[in-house]
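In order of appearance the chains are A, B, C and D, and numbering begins at 1 in each one.
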Amino acid sequence: MSLLTSLARLRALDEGIAQPVATVRHCHLSARPMVFIPLKLSGEAAAPLAAMLGTDRADPALLVVTQPRNRDLRFAWAAQVAEVLLPYIEGFMNDTETVERKNTDPYERAIDAPQLIVPNQGGVAFTRLLGRSTRFRRTDGPYPVPESVPLLGRWLTYLGERAAYPGSSLMLAATEELGRHWASGQSSLEDANLAALLAWITTGPTDEAEDPLIWPPAGPATDPGFDAEVLAPAMESGSAERVTEALRTQLEPTWRLMWQAIDLLAALPEGASVAQRWEQDRGSFSGMAVHIAEGAPPQARRDGAVAAAARLARMERAQAAYDVQRAYDDPLVMAEYRLTGEAFAGEVIETVPDNTEGEGRSRKLRPLVVIKTDDPVRLPPGTTLGTPQRRSQGAELVEAAEGLVTLKITKGMGRGRTAAPGAVPEVGERVCYTSLTDDFQGSPALPEPEATPWTHGGPPQEYVPDDEDAQEEWS
Amino acid sequence: MSDRLDDLERRIDELRAGVRKAMRVRDGATARVLRAELRSAERAWDALVSGRPPQAKEEPQPQKAALVTVREQVHQGLRLLGAAAQPRLIVAVSDAFFGGTIRSSQLTSLRRDEERSFRSSPFGRPYYLCAALTDRLSPARGLLTLSTWPLERRVVGPLSPRVDFLTCAIATATAIEERDSDDERALRLLVRMARNIPGATDGTLGPPDPGRVAAAARAELLVHAERDTRDRAELAERATAQLGDAARLFGAATLSTIKKENAK
Amino acid sequence: MTTEQLAPEQVIRNVLADLPRHRGVVVDSPPGAGKSTLVVRAAAHIAATGEPLMIVAQTNEQVDDLVARISDKHPHLTVGRLSAGGYVPPLRMLELPGVRVGTRIQDLGDPDIVIATADKWAWIGDRVWPWAIVDEAYQMRSDKLLRIAGLFERALFVGDPGQLDPFSIVDGDRWSGLSWDPLQSAVSVLLRHNPDLPVHRLPVSWRLPASAAPVVSQAFYPFTGFRSGTNHGDRWLELSTGGMGTVHDRALEEAARSGWALLELPNRHTVRTDGEAVQAVALLAERLLQRGAVAGSEQGERPVTADRIAVGAAHRDQVAAIRAAGLPPEITVDTANRLQGREYDVTIVLHPLSGRRDATAFHLESGRLCVLASRHRHACVVVARAGIAELLDAHPSAEPVQLGVPVKFPDGWEANQSVLEHLSRHRV
Amino acid sequence: MSGLKREGDHVHRLDALRGTTPQQPHDARAIAALAANPGCARRALMDGAGIDKDAAARHLGFPAPFGQSPFAITRGNMFEALVKADGCAELLRMLREVLGLPVAEVSYHDVENVGAHLRHAHTKALFDRAAREGHDAGTLYDHPLLSLRIAGHTAYLEPDVVAFQLGGRFHIVEIKSFAVIDGQADPAAVAAAARQAAVYVLALRNLLEELGHDPLKVSHDVVLVCPENFANRPVATLVDVRKQLAVLRRQLARMTTLDRLLEGLPDDLSFDLLPDEDGRPTRPVAELADALHRTTARYAPDCLSTCDLCFFCRDEARQEGASDLLGRQVRDELGGVASVAEALGLADGSRDPAEGQEEIARLLRNAERLRRECLN
């Protein structure tokens, strides 16, 4: 968080209404998102209690485990969840486009992909746990489960991990996304409360948001008072209807909030790079679908040495790209960098479009641009620059002093002796340049897992999900 | 009907809110009153939904229980185990071998009833379910024994908890072997015990071989036997010397309990 | 004196003796304990066996520095300097005898020693070196080691455990507790998988003066410890022109006298780029030059010129602000991360906790303060606002605990406390 | 001893602050929580005086947002029972696996076998014997009663179990019902457990020291017992609590040096809740609130998960328009500027920077300029 965001929070606190910290939407929003609100039994690691889910705001499915300590009921519940989620997920697999790739075979990429939206980070974590607790189950043996259960587990695991992948929109946490676009007048800790955050964005703060009687927690944890006074007695009564109704009261308010959050995000114009990131999501999704179709084993309990390093590299690359793209897509995000002097914006007051460097054959076109800016520029001469206005353009800072910045354009102005029309900004044009650039070289290869070196414990034994995984007793 | 239901639901919501508010400020009194109303409202609601007339929840009374009393089932369990045991273990055994129907909760009052009955007519019954005695000769919490056992078996020295566990494991294993039972519950009990005895399992997850479990338990038992026997003998001696009949069966009151007694 | 020097010599002998006996050998080297000297010695030692050797460093500067040192000490050795495309070798390197620079192994001929950064090595394949030396191994992330470990059979890992740990821009919790956690340092992963590899420690710092070694040792190396290679009096710092009694002058005089000075500004919560503090830092540097500081040591006597002075801070914007305050460009101004492994006569440090109301894990990280407080051969002047003691005292401790992750010492809080306590004796 | 005397004095003063309100005993959790926000004078004083902050908060109309679900409680008890069942069979298995406890080491002492009033003495006797005679004396000690001096008062602590293992070292066993999944558990939960265990380690070390034994016979590695994955089966992990111990010592040291805080207080200041015979506070709310307002709090949003008074202090911060509401990081970014209005005034230029505020003013104005430029 930067001073810019802090200022927005102060403003929000003062005006009693959240302030925008983004001018465009930085996440993809599906036309048919699957809203998923899971609840868990307090004190248990991953004992599902209920879930409200669906793609139709008018018609959510409510699935309940009326006796959460009963293993069979839990798996029955997981099977019910699968009945809703799997058709939704599989619905996206068949419409694909063929993607050509340099020096490797083309592959099929889904035209669209599923999108799971949960209320908060807790929801993401619990989804991951549900995945972990179901993906290893067997359909035969001691504690058999319906076929759909382990499959659901693998998809939940996949989506849960994807949620940690910078810039991915396959699984979103509502509070996270809202917080990325609005600054409330409360602390980021309190922003984790969906009702409170939404109140800040829409009507202004209210203490009701913290009253579990008015706004039940958005899960996965339930309100202890509710557990003690409503749920426990209902369970003892042995009446399934009563447990179900009790849990409905805890889920319905959040269900409404979730769609309100979606509407708020949908109202924002989509950022320029969102489609590109969603394309990667679609590719990843298709990859996973193929993976499963080919009968690969469920995801391992934890990454091996090579897998971990590979994932880290991917995630760092994605994080860097995500940061740059957000700044390029959104002046308000770029402003954070202008504040720290890593970017500057201003008016072009002079250009030398036909400036060249070097002599004879090595002679190169290097158009000069002088920009007047109010921003504090903290970039040394020679810094490589990029600009949101001309994304293919490369430039280099020549000098910066007294609010005047001189830079030379080094690429993206065409092959010719003179710069291609429009390549060099006109005098009077407002432009923004930044040292933030999205040109990362790929990361070098890793050894094959079976070639893991001695420094990292040597080759791991082939991972086969064993009976332990499958028979792990649930209590 | 449906609007009756709506009224009930509205009422229930109000009452729940009331109770939770009261609890938040720890106003127990108000909470209790509201809770009572709430329960009746909820029962009425259940009745409406399920079409049953409202009634207090009654315990399911399985006919077996009629044949064998709780007391007798515990007796069976303990006889099989042959050592002081906790209710949960006794229940598990009775469940696994005698199709028992008891629940741990039913055993809590048992010992007091036994003591009362003994005091009213000493030795009036062939056997009593009674306490294990601590090194202070006070009743050991949550351990049941049989009056028909020698004192040595009913006192617990420092090593006795482990020794008794091993004894119980051997008994369970043997029982399974004799009946060559493949009863799921029996096997699960054996698995639970086996994984806490060195060498009792062959590492695989399948049901352990009862013979192997018994052997492993005996092996460890050997390590503790001598010292435990010594400790117990010494305790038993003290108990015989210091305690009257009742106390010998149900344990001497600790200072604190005596205090409580006097306070009454 | 000589006896004092024998010990480290002995350590080096033991290291060299261990090389053929173990697959890997680790050498912990506190600040200025002759890490590079060891690397050069070991390089020559291995090269002498006629077996090819690869050397891994972390930055191009470190690589160039090693190349220079090796060809200086052992001109007969042929050295290949592998580099990435964009890299422009400094002229002095091209003149060195027996040194060739290239972007591909093939360009290098078949030298005794090939040196490159870990990043560059990661692109090299299908060849295995019998020997490798990994320099600054504690600053190397284990995933980098994973990429290159296939290139060598046995390796010597050298580094300073007290400096900053490697980090990532993404959250790595999902790997915590794994023995191969990619965010851990190369050494910790190496040792977790090969717990019986020998770990040697260089016992003597040749850089830190007698005034600094005990302070740094106690604060940042509480369990292992090290001593200074020089005694009080072996090093001296003299200000040839007189002062005007300003706080800055007095701070410099205190530093010249005792090797340490704390220039304490009035207690106030400020923004990171605290103008007063920045000014003070700049003024100190300026005055130090004006007063013609002269440093005397076992290496003889020399003026403390701008290139022998460094200014250190925690954040990039602080560095920028100090730069902007108009220091001579020869003076190094940089963040702790980038000052790692460097050495100067005098350092001026903006205390990471100065002017703050609350400390974060970043500001308390012991490695950060350790780097800043251990770059100097003669004196270190710290600029800080009063109130750090109170800040530490009020610091809430609720660090999360990951299962299976060895507890790291020293604790940042304790280290800060101990340094602060020492500095308070040199307050002006 | 002047040290003792001084402690005596301020104990007296603290008791005065508490007035007729019965002393709230510190349990391990409360002691572990001392480090949650040491900078908060209000909290330090109330803890020192032994005031029930929860009761105070409720009386003030700001009940703390904490509460434990009956399911969680049941689960916790069930799990502890499971670990200790059948002569601690599960626990012995784990100690054998994790600490290499020899098969012969199984003896079990339940300190609760003696009446409550004897437990502390009995605990002392047992550990004295254990420390003197080594492993023959015993292995497992259930429900021991330890004690620790907090700000002049003795707090009694009940660790779940203490395992004593061959090699003459004691290990604290901490039984928690949060799950360890694939070797990892919720880091916050583990940290809390570690802080709590550290309290026991320290108390036990003090006990041994009193008895003239080497306090370091108590290991800084505690045995954390949790359910593994999704099963009920317990698994043990060693947790090194040296850092928690260091923090704890610091905090206890601070508790005995509350003088600085106490000196600043008006003599008539009292936190007394004036409880009636059945313990309900009768102190006029406004009066109590006023008393608290006369002590300085150091509110941060983190308090919402660590302090019973959090809502009261948050409300106070709101009244004052303090930027603390937004979190420590924001507060630090604003340099010296504590109030929201002030910061905004500097940002939009409606207020001139006071001496020393020039930079933050410049930064804020710059930020404001950028926001305006981007938003319209």
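What we mean here is this: a contact is a pair of C-beta atoms (placed from the backbone, for glycine too) under 8 Å apart; a residue touches a chain by one contact, two chains touch by 3 or more.
Note that the structure is predicted; figures quoted are calculated from it, not measured.
For the pair chain A and chain D, chains touching both partners: B, C. Interface comparison, A-B versus B-D: the pair with the greater number of contacting C-beta pairs is B-D.
The chain occupying the central position, as judged from C-alpha centroids, is D.
Using the mean of the Cα atoms as each chain's centre, the chain most removed from chain A is B. The distance from the centre of chain A to the centre of chain B, with each centre set as the mean of the Cα atoms, comes to 51 Å. Inter-chain spacing, taken between the CA centroids of chain B and chain D, is 35 Å.
The centroid of the Cα atoms in chain C and the matching centroid in chain D are 38 Å apart. Distance from the chain B centre to the chain C centre is 65 Å, each centre being the mean of its Cα atoms. In chain A, the positions touching at least two other chains are 225, 228, 302. Annotation for chain C: no residues touch 2 or more other chains.
Across the assembly, chain D contributes residues 67, 183, 302, 329, 333-334, 363 that each touch 2 or more other chains. Every pair of chains that touch is listed here: A-B, A-C, A-D, B-D, C-D. Here chain A touches chain B in the complex through residues 212-213, 225-226, 228-230, 233-234, 236-239, 241-242, 245, 249, 467-468, 471, going by the rule given at the top. In the complex of the two chains, the chain D residues touching chain A come out as 65, 67-76, 177-179, 181-183, 227, 229-233, 301-302, 304-305, 321, 323, 325-327, 329-330, 333-334, 340-341, 343-344, 347, 363-364, 366-371, 373-375. Put simply, chain A touches chain C in their complex at residues 164, 166, 302-306, 308-309, 312-313, 315-316, 319-320, 340-341, 378, 443-447, 451-458. Residue ranges of chain C in contact with chain A, taken from their complex: 23-24, 119, 122-123, 125, 142-143, 145-147, 149-150, 168-172, 174-175, 178-183, 186, 189-190, 193-194, 317, 320, 324. Residues 58, 63, 67, 81, 85-90, 92-93, 96, 103-104, 106-110, 112-118, 138 of chain D are the ones touching chain B in the complex.
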